[in-house]
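Take a look at the structures listed below.
There are two complexes below, and they share chain A, which is joined by chain B in the first and by chain C in the second.
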Partner chain A sequence: MIRGSRSIQIIGAGHNGLVCAAYLARAGHQVTVFEASSQVGGAAITREFAPGFKVSAAAHLVYMLDPGIEKELDLASHGLEYARTGLQTISLSEAGDHVRFNGDDVDGVSEGDREAMREYRRKMQHFAGIIGGLHNRVPARLGTTDRPDLLELARLAFNIRRLGKNDMREFLRIAGINIYDVLQELFENDALKGALGLDGTLGTMLGTRSNNSVFCALHRYSNGGRYQLPKGGMGTVSNALANAARAFGAEIHTARPVNRILMDFDRATGVELQSGEQIEADLVVSGADPKTTFLKLLGAQNLEAGFAHKISNIRTRGNVAKLHLALGSVPDFTGLDPALSAERLVIAPSLQYVEQAFNHAKYGEHSRRPVMEISIPTLDDPGLAPAGKHVLSANVQWAPRELKGGWSAAHEAFTESVMNTLERFAPGICSQVMHRELLTPQDIESEFRIEGGHWHHAELALDQSMMMRPVPGTAQYKTPVDGLWICGAGCHPGGGVMGSAGRNAARAIIERSGT
Partner chain B sequence: MRTVHYHSREHYRDKVFPGPFYSRQKALNVNREWSRWYDYLSVPAYSCSTTEYFAGRNACAVFDLTPMTKHRIGGPDALPFLNRLVTRDVARIKPGRVGYAVWCNDEGQVIDDGTIFHLREGDYRLCSQEHQIDWLMINALGFDVTIVEDTHDVAGLAVQGPTSCAVLKRMGLAGVENITPFGIDFFDFEGTELTVSRTGYTGDLGYELWIDPGHAEILWDRVFEAGELHNIRPMGSDALEMLRIEAGFILAAEDFMPAMQTVRPSHTRSPFELGLGWLVDFNKPLFNGRKALLTEKENGSRYALVKLDIEDNKPANHSYVFDMKEKNIGWVTSAMWSPSAKKNIALATVEAPHGKVGEEMQVEIYYQRELKWSRIMARAKVVKDAFWDPPRRRQTPPADY
Partner chain C sequence: MKKHDAIVIGAGHNGITNAAFLAKAGLDVLLVEKNDYIGGATVSRNLHEDWIYSNCSYVCSLLRPEIYRTLDLAKYGLQVVPYGGTVTISQNGDYLGSYIDHDVSRREMARHSHRDADADVRYWRDIMRQCRFIRQFLLRTAPDPASFKPRDLLELLHIGRKFWGLGENVIYDTMRFYTMSISDFLDEYFENPLIKAAHAGSGIIGSALGVMSPGTAYVLLHHAMGDVDGTVGSWGFARGGMGAISKAMHDCYIDHGGQTLAGSGVDQIVVKNGKVTGVALENGDEHHADIVVSNMTLPRTFLECMDPADLRPEFLDKCRNFKIRGSSGKLNIALDGVPKFTALRDNQELMYTDMHLIDSIERLERAYDDWKDGTWSRDPYIDMLIPTLTDPTMAPPGKHFMSVFVQYVPPKVKGKDWTDADRDAFGQTVMNQIEAYAPGFKDLVVHAEVRTPRELENEVGLTEGNIFQGELTMDQLLFNRPIPGYAQYRGPVKGLWMCGSSNHPGGGVMAAPGANAAREILMSLRKPSNVPEGWLDD
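Let's turn to the complex of A and B:
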C-alpha cells in the first residue's frame, strides 16, 4: 500500500462512507466527511421515534457486515457490541404452527424437509460463497486488455469452474431462475418455503417468481447469513466505524449537507456545502446513491449524455416500509413460546402469500396483506425503551415508492393493513401500541436522502451487479469524471450493512487514483 | 404542424406522404419515378440526372430538402446543451450564422453530422441526416431546453449553382447577395417570413430557402419564374449525390455507419476517422465522446477516410482498396467520374496507418460492358482538397452569372 497524503472529501457518513474514510485515513490521506444528517450512519442509525423509545430507523439486523472490516478496524474497541448473535428465524403461522430454523437446523417440519434443508443450505452456502468471494474484490472492467482486469475475470471463471461439474451446472441453472421454483422443487412446508422465499425478495422489487430472486437470496447469505442484534441498535455499528475513522485521523462533520460537487474544467475539485462554503480537495468520493451523486450533486449536464442516461435509468424504486411500534408490553404471538419473541420473526406463511403481497406492487399498489420481518430488540437490549416497555421494528413489503395516487392519501390505509396483519398473528397487539411510526419509501427517501428509498441504492439484480454496478463504466468506483469516486451501496457488491463497497472503493483509490 | 396519426388504422397508407412542393414536382417529374426519403416522397431524377447535375454546376438547380430532419432548439440552456452534444464550440456560431457539426456517443463514435443554424440569439435549428429526436431527448436531461422536431413544419428548398444568387435577386430578395457563406438572412415574402441561408450540399455557390409549408408552392413558382432566364431546373437526389461527392462531403449510412445503427463496434467511426478532426475542440471541458477522443488522439485511430484521385475512367463504386503490395487495406464508399474536375474520384475508408496525403494505392474496379464483366487494378492517389471548390463559393457578393 502506498502511503498517500492527498486531501479527500467524502460525501455522506453512511456506513460505507465511514468505512471508506477509515481505510483512506489509515493509508495516510487527509479525509474529511460531510454528512447532511445530524448523526452519522445513513440508513444504519439508532434514533428516537417516540419519547423514550429508540429504534434502528432503517436497517435493524446485522447479517452481512464484513468480518474482515470488523477485525481490521477493530470495531469492538471502538464500541461495537452485540446484544445477541445467532438469532433464529421463526416463520409465523396464524394457527400457531410456527417453523423455526437457524442454519441447517429446522424445527416444526417433516423429516423430508429437514433433509431438504440440509441439501438446500449446502448448495446455497456454496454458491453464496462464490458471490461472497467477490465482495472484497474490485470488479474487472469488460473489454479491456488491462492485466489486473483479465486476472479478475479469470478468477471469476475459475471460482465457478471450481464448483465441480454438477454444482457448476446447478449454479448456472438456478442463478438466473426464481426462488419459487427452486423452493417448490425441494420443500413441502408452506411456512418454511414462505420464509425462505422472502429472503429472495426482501429489499427488492422482485416477487418470489421473479428472476434474480435466487441471486438476491445468495447476496443475503453471502457473508454467512447469521443474524445479529447490535447493542444500542444499528447506530452502534456506525458510531464504531466513525470512531475508527476518527482514530485514524479522519474529520467527520455532521449537519453539513453538500449542495453540489465543484468542477474545474473537466475535473471534480471539491464540494460546495449548503451554507455556500466551497471547499477544495484532491479527490471527492461520494457515498450517496448514484442518482443523487450524478444527477443532483454533479448534474447530468456535467456528464456525457450516454452515461447520464444510464444513470437515470438505474432501477431505484424502493419498496420496503419500516414500522416502529412503542409497546406497553410484549406482544403475544399465537402459539409462540414468549421466550422466542426476541428472534427474527417473519410473516410469510406461504410462497403464495408472498407472491400475492407482491402482485399489488406490480401495479403500483401496496400489499393488502404485507410480508414482514420483525424484531423486538428490547427483549435483549432493554435500554432502547423505558423500563418494562418494548419496541417492535419491522421491515414491511411491498410498499412501492411510486404508489398509484401517492403516499399521502394511502399512508393511513397502509398502516391499517400492516396493523391488521400483525393483529392476525398477535391478537391484541393493536391495544398494546402506545405510539407508532410508519416510514414509507417516500419518507425513507427524504429522511435518509436515498433516491427512491431503495434498500440497495440501486436494484440488486444480475444486470446491475458486479462490473455492471451501478452502470458499466463506474464499476471500479472511479467515475467518468476525473477526481470523482463513488463508494456507496449503489456500487459492487450492493446494499446491506456490510461495508464492502466502502472498503473496495478505498482500495481502488489507494491503488489507482494516481493513474 | 402536420400531424401524422400513427394511431389511425390507416396510418400505413400515408406513412410516406407527398411533400409541400409535390404538385410542382409532379408536374415536372417526367420520369414519374419517386423514391422515399424518410416520411416523404422524393424525386431521384426529374428527367436526366446528368442534365440536372450540370444545372447545379453551370446554372441553377432546385432541390426539395423538406425531408431533411429538422429540429428547433431553444430555452435558456440551448447553447450549453448544443455544446455538450456536438464536438465543436457552438459559442462561435454567432446569431445569423450556420455551422457544420458532428456528434458522438460517449465512446467518441459518430452518431450523425448536420448543420446548426443560429437563427436568432439563443434560437437554433439543427438539421441532421438521420432521425435524432431520441438522442436529443436523452441529451436534454439536466438542461432547461425546448426541443421540437419540426421537419413537417418547415419546407426547405435548395437553390444551388452559379446563377442562384441572380435568381434570388430577380425574385426581389433585396440584399441577398450580401449574405456571406454560412450566413442567414430573413425576408418578407408574401406575408410570411422567408429564411435564406447561404448553405448547401454541392460545394458551390448556393442557398437554402426555409418557409412554412403553406407558402411552399408560391415560393417554388416565384423561384422558377425568376430563374427562367438563368437556366433554372429542378434537380433530383441522383444529381445531388454527384455534386456532394465532388465537393468531398460525406453522407451518413453511405460513407460511414451512424453509431446508433451499428451492431459491430469496429464498424463505427470517430470524427478523426472521418477526416473531421478539425471539428473536435478539446478546449471545451465536456462534450459527448471527449474522453474517448482524447485517448484516440493519443493512441491513434483505426481508420482514415480519404479522397482518391484514380487513374482510368471507370467509376470505382464498391471497390476494394489495396496498397502497392496488393494488401487489402480498405474499400470505396462513394465514387464517380467527375465531369467538372474531369477526374475519376472516390471517397474511401482505409485502415491505419494508411491514408496520408500523397500515398499511392490501387483500386480494384469491376465494370460491365454490354453485360460482360471486366476487372482492372487502377492506381490511385490520396488527395487533400475537395475535387470541386470554385472561388465563387466564397465570393461575396457573388458575381452575376
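Let's turn to the complex of A and C:
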C-alpha cells in the first residue's frame, strides 16, 4: 500500500470534521464525509430563523480559529471573509457606566484599574501562550518511557520555565484556581471584573468562584483572544473549510446520517447509513461527540467495560442557551454610544451577578437574571437581514441541559427572564422584536446532535483536558477500537471553532495509523 | 538578658513539636505563648463545672505516627482511642451507618443501594491509593520548581519518579482526582443521594469551597489520609480531650530542657540589619535569639508582628492575598444526658460514632451559597461527636460533652464584624437544626460555648478563623504553600522561620509542618537531624 491512499470516512461535517477531511485529503487519502444535516458546519452554521433573517445558529463569533489552519488551507481563497475583526468587549451596566475593553486599554475605570489591567493582560497572554502552545500538539501520554511523549513533556516544562522565575511561580499558582480570587486581588470596578470573570465561565459549568475557571479563561485567550465576525455568519467559515476539503479531493455528503459504525470482530470497518446502506473503509474518523461516537454509533457492547464506564462519566452538561432576535431597529442600550452597539456586548455587571446566575444551574434551575454575550452582526454585515432590520444573537447562561421539571415547561419562563434582563439594559428592546427564537441546550442537542448540548462536546475542565480529554486512553485521537479515530471538540484542545482537534487528529492518523 | 538559640512563637501543636525537636537536638529553646494555657487549637478547656471541652479541634487521625514515636508521646501519657464509624442522618427519618466491621457496613449500604455497596469497594480502593501516594510527601520539604539548586532538582526528580511509578492509568486517576469536585467524583461511583452526602462532607470540612467546586476531592483526601494505630482513614479521640496531645508534646519538650513563657503574646519580631534578633512581647519583655520560628498564621506573622519596613512590598502583597477565609464554626455543649435521635431509634450505638446531619449534595451546596452571600448557613452541615461515650473522663458521671462542628460560617457577617447578637443567632440556628433531628435535645443542654470565626481568631490567633491556617486549594498546596518561593519554612528575613499549618502540608492536628521546619532549621545549623522524614510504614 502506498502512502496516502487509504479510504477514510469521517462522521460529521462540523468544523473539526471538515478540517480533518481537508488535511487527510491533502495527504492523498480518499476521504468521504457523511453529514446528517442538509448543510455542512455542525454547530458553525448560518441559517434563517425568521423570514429574511439569518443568524449564526450556535457559535457566533470567531475567536479561536487557528491562524495556521486559515493559512495552510487558504480559507480566504475558499470564501472566508470577515465583516469585522478585532471586536471590542463592552461590559454593560444598567446605569450606563459601561466598561470598554479597547485594544490594550480599558475605558470607564479608575487609573489604578487601568494599570492593573495592563499587567493582568500581559500576564494572562503570557500564560495563555503556554496553553495555546499545546493546541497543535498531540498530547503526551504520561507514565511511559516513549521518547516522543517524554520530549513533549520536556517541551512543556521548558515553556513553563521560560516564563521566568516570577511568572512561572505565578502561573503555577493561579492555573488551577478560580478567577474570582485572582480578579479580587487586582481590580475594583465591578463591571470590569464581571466581564473578565465571565471569560472564565462562558460555556462551562463553572461559576467565577469555582476552581478551574482561570484555566477556562486562559483557554479562551489562547489563540490571541481577538473576536472576529465572519461575513455571512459562521456558515461562511464552514463553507470555506468544506470548499478547501473538496479542493483537495474529499467527498462531502450532506443529509446522510450515519446510523452506526460497522465492526468486524474488534475492528471498525466502515459505517452504516440511516438509509441502510453499508459502506466500507480502511479507517473511520468520528467528529461526533465522544458519547455519541462510543455509546450510540459503536455501542457499549463493543467496548471494554472500564472504558465504556469512563465514557459514560464524561461530563457533558450543556448550559448555554442561544437567543436570536429579529429586530425592527437597532436596540438602544442605556448610555451606550450607538456606534459601539456592533461590539461584543456582555451582561455581567459584577462577579456577584455572575455567581448568582450560576448558583441556579447547580440545582438544575435556569438563571433568573442570566449573563449574556451579545452580538448584533447586522451592523457590520447588513446582508443577514432585510434592509434596515437587525439581528441580535446572544449566548445566554446558565440554562442547564437537565432542568428540573424539563424544558418544555420552563421554556417560556426562561425566555421571559432573558427578555426582562435585556430590557433592563436596553429599555424598549422588547417592542422592537419582530421574531424571537431561544435554543435551550436541549434544542441544541437535538438540532446539532451534540450529547448534552455542550459547546465543547465535553466540559472544559482540568480533569477533562489534555491527555485526559475526552478520557485517558483516547487523548491521542486513536481509540481502543482498531480503525476508529476521533477528531471532534471532545478531543484535545476542545471546541470553540478552533479546528485544532481536526488537524491534530489528521496529523496523528497520517503519522501513527500505520498500515 | 540571656540569648537563646531559638525562640518559637505560639504553643500550638506545631510550635510545640518544632520546639521539642529543636530542644531534643540540644538547642536552648524558648517557647512563647500569648494565652496563659498551651495547646493553641489542640486544647482541652475546663469552661463549665467539671466538663472538659475539646473546644477547637476535636478528633485525631492526622498526627504523624513517626512524630508520635520519635517524641515518645505514649510515655508522656498520650492515648488515642479509635472510635467506630460514622452515621449520616437524613431529614426523612432514615440514616446511613458505617461500622468498623466491613460486612456490616456493606449490608447497611446495600439497604440503600446494592449498586453503591459494590461501588464503595472501588471507591475506597481508589481513595486509599491516593492516600498512599500523598502520604509519602507529608514529612518532606516540597521542592521549589523554579529553582535550579541540586536539592530542589533532586526532590522534583524524586516526586516525578514516584508519580511515574504509579503507572499510566493511576497517573490519570491522580490528576483527575486533584482537579475534580467531590460532587463530580462521587457521581462517578454512587447513585444514592444519602450515600453521596455521607461521603461528600469530608470534601469541604474547614474549607471555603462548596462540594461542587473543583479541587474539593483533594480536601477529602486531607481527611482520609490519617490513621489510628495503623488503620488508614480511621479517627480517634485523645483520652482527656485534644489537649492531651499538646500536653504530651509539651512534657517531652520540657523533659529535653525547653522553657515556656505563657501569658504574653508577641508584639513584634525584632529585625536588625536584615537579621532577626529576637522578639518583643506585649508585656514589654524582650527575648533574644538568632533563630525565631513563627507558628502563627502567615498574615499574623508578617502583617501584624513585623515592621513592614523589614519586608519587601511584593512579599507583603502576597501575604495580604493569602487565602485564609474562615468557613466553619463550633458549638461545645455540656449535656445532662444522651440525646435521642429520632432516626436512630433502637440503633443508639451509632451515637458512639461521628454523626453527620445531611442528606444530599444539594443541601450541602446550598449551605455554601449562604457563605458566599456572607451569612452562616441557614440549613448548616453538622458534624458532631459525643466523646464522653468513649472517654468518660471528660464529664461528670452520667453527663456528656458534645462537640458540634458547623459548616459554613463566614469570617464576617455581610461584610461586618461579628457581634454577640450574631453569634447567639448562629448558635440558635445550630441548636434548632439538632433539635429537629433529636427532639428534646435542647432540654438536655447544661452549657454551650458558641464559637464563630471571631472567637477562633481572637482566642487561638487563627486569622479569619480558618482552621487550616490557610485554604487547601491548588494555589496554596505543596510548593505553593504558603506562597510560591517560601515553601521551605524559611522566612524572608535571615533567621526567621515558619512552622505553622500555613506551611506544607497544611492543617489538621498533623504536626508535620512543625517537624519539617525543625528538620530544615537543624539542616541550616549543620546539626544532625533527629526529625523523621518520609513515610515509614507504607
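The rule is simple: the second predicted complex is superposed on the first by the 509 of 515 C-alpha atoms of A that agree within 3 Å, B and C clash if a C-alpha of one lies under 4 Å from a C-alpha of the other, contacts with A are read in each partner's own complex, and residues count from 1 in each chain.
The definition used in the following text is that contacts are C-beta pairs under 8 Å (C-beta built on N, C-alpha and C of every residue); 3 or more make two chains touch, one makes a residue touch a chain.
Because the structure is predicted, anything quoted here is derived from the model rather than measured.
Chemist: After superposition on the shared chain, which partner residues are touched by A:142: those of chain B (first), chain C (second), both, or neither?
Modeler: Touch partner of A:142: chain C, not chain B.
Chemist: Mind telling me which of the two, chain B or chain C, contacts the most residues of chain A?
Modeler: Tallying touched residues of chain A, the top partner is C.
Chemist: Can A:362 be said to touch chain B (first), chain C (second), both, or neither?
Modeler: second
Chemist: Touch test for A:480: chain B only (first), chain C only (second), both, or neither?
Modeler: first
Chemist: Who does A:169 touch here: chain B (first), chain C (second), both, or neither?
Modeler: A:169: touches chain C, not chain B.
Chemist: Kindly classify A:299 by the partners it touches after superposition: chain B alone (first), chain C alone (second), both, or neither?
Modeler: After superposition on chain A, A:299 lies in contact with chain B alone.
Chemist: Thinking of the overlay built on chain A, is A:266 touched by chain B (first), by chain C (second), by both, or by neither?
Modeler: In the superposition, A:266 contacts chain B only.
Chemist: Which parts of chain A are touched by chain B and by chain C alike?
Modeler: In chain A, nothing is touched by chain B and also by chain C.
Chemist: Where on chain A is chain B touching in the complex?
Modeler: It is residues 263, 265-266, 295, 299-309, 312, 473, 480 of chain A that touch chain B.
Chemist: Along chain B, where are the residues that touch chain A in the complex?
Modeler: Per the touch definition, chain B meets chain A at residues 77, 80-81, 84-85, 105-107, 135, 138-139, 141-143, 285-291.
Chemist: Going by the contact rule set out above, which residues of chain C touch chain A in the complex?
Modeler: Per the touch definition, chain C meets chain A at residues 145-146, 164, 166-172, 175-176, 179-181, 184, 187-188, 209, 212-215, 321, 323, 362, 365-366, 369, 372, 473-475, 479-480, 484-485.
Chemist: Report the residues of chain A in contact with chain C in the complex, numbered from low to high.
Modeler: On the chain A side, the touching residues are 141-144, 161, 165, 168-170, 172-178, 181, 185, 206, 209-212, 313, 315, 355, 359, 362-363, 461-463, 467-468, 472.
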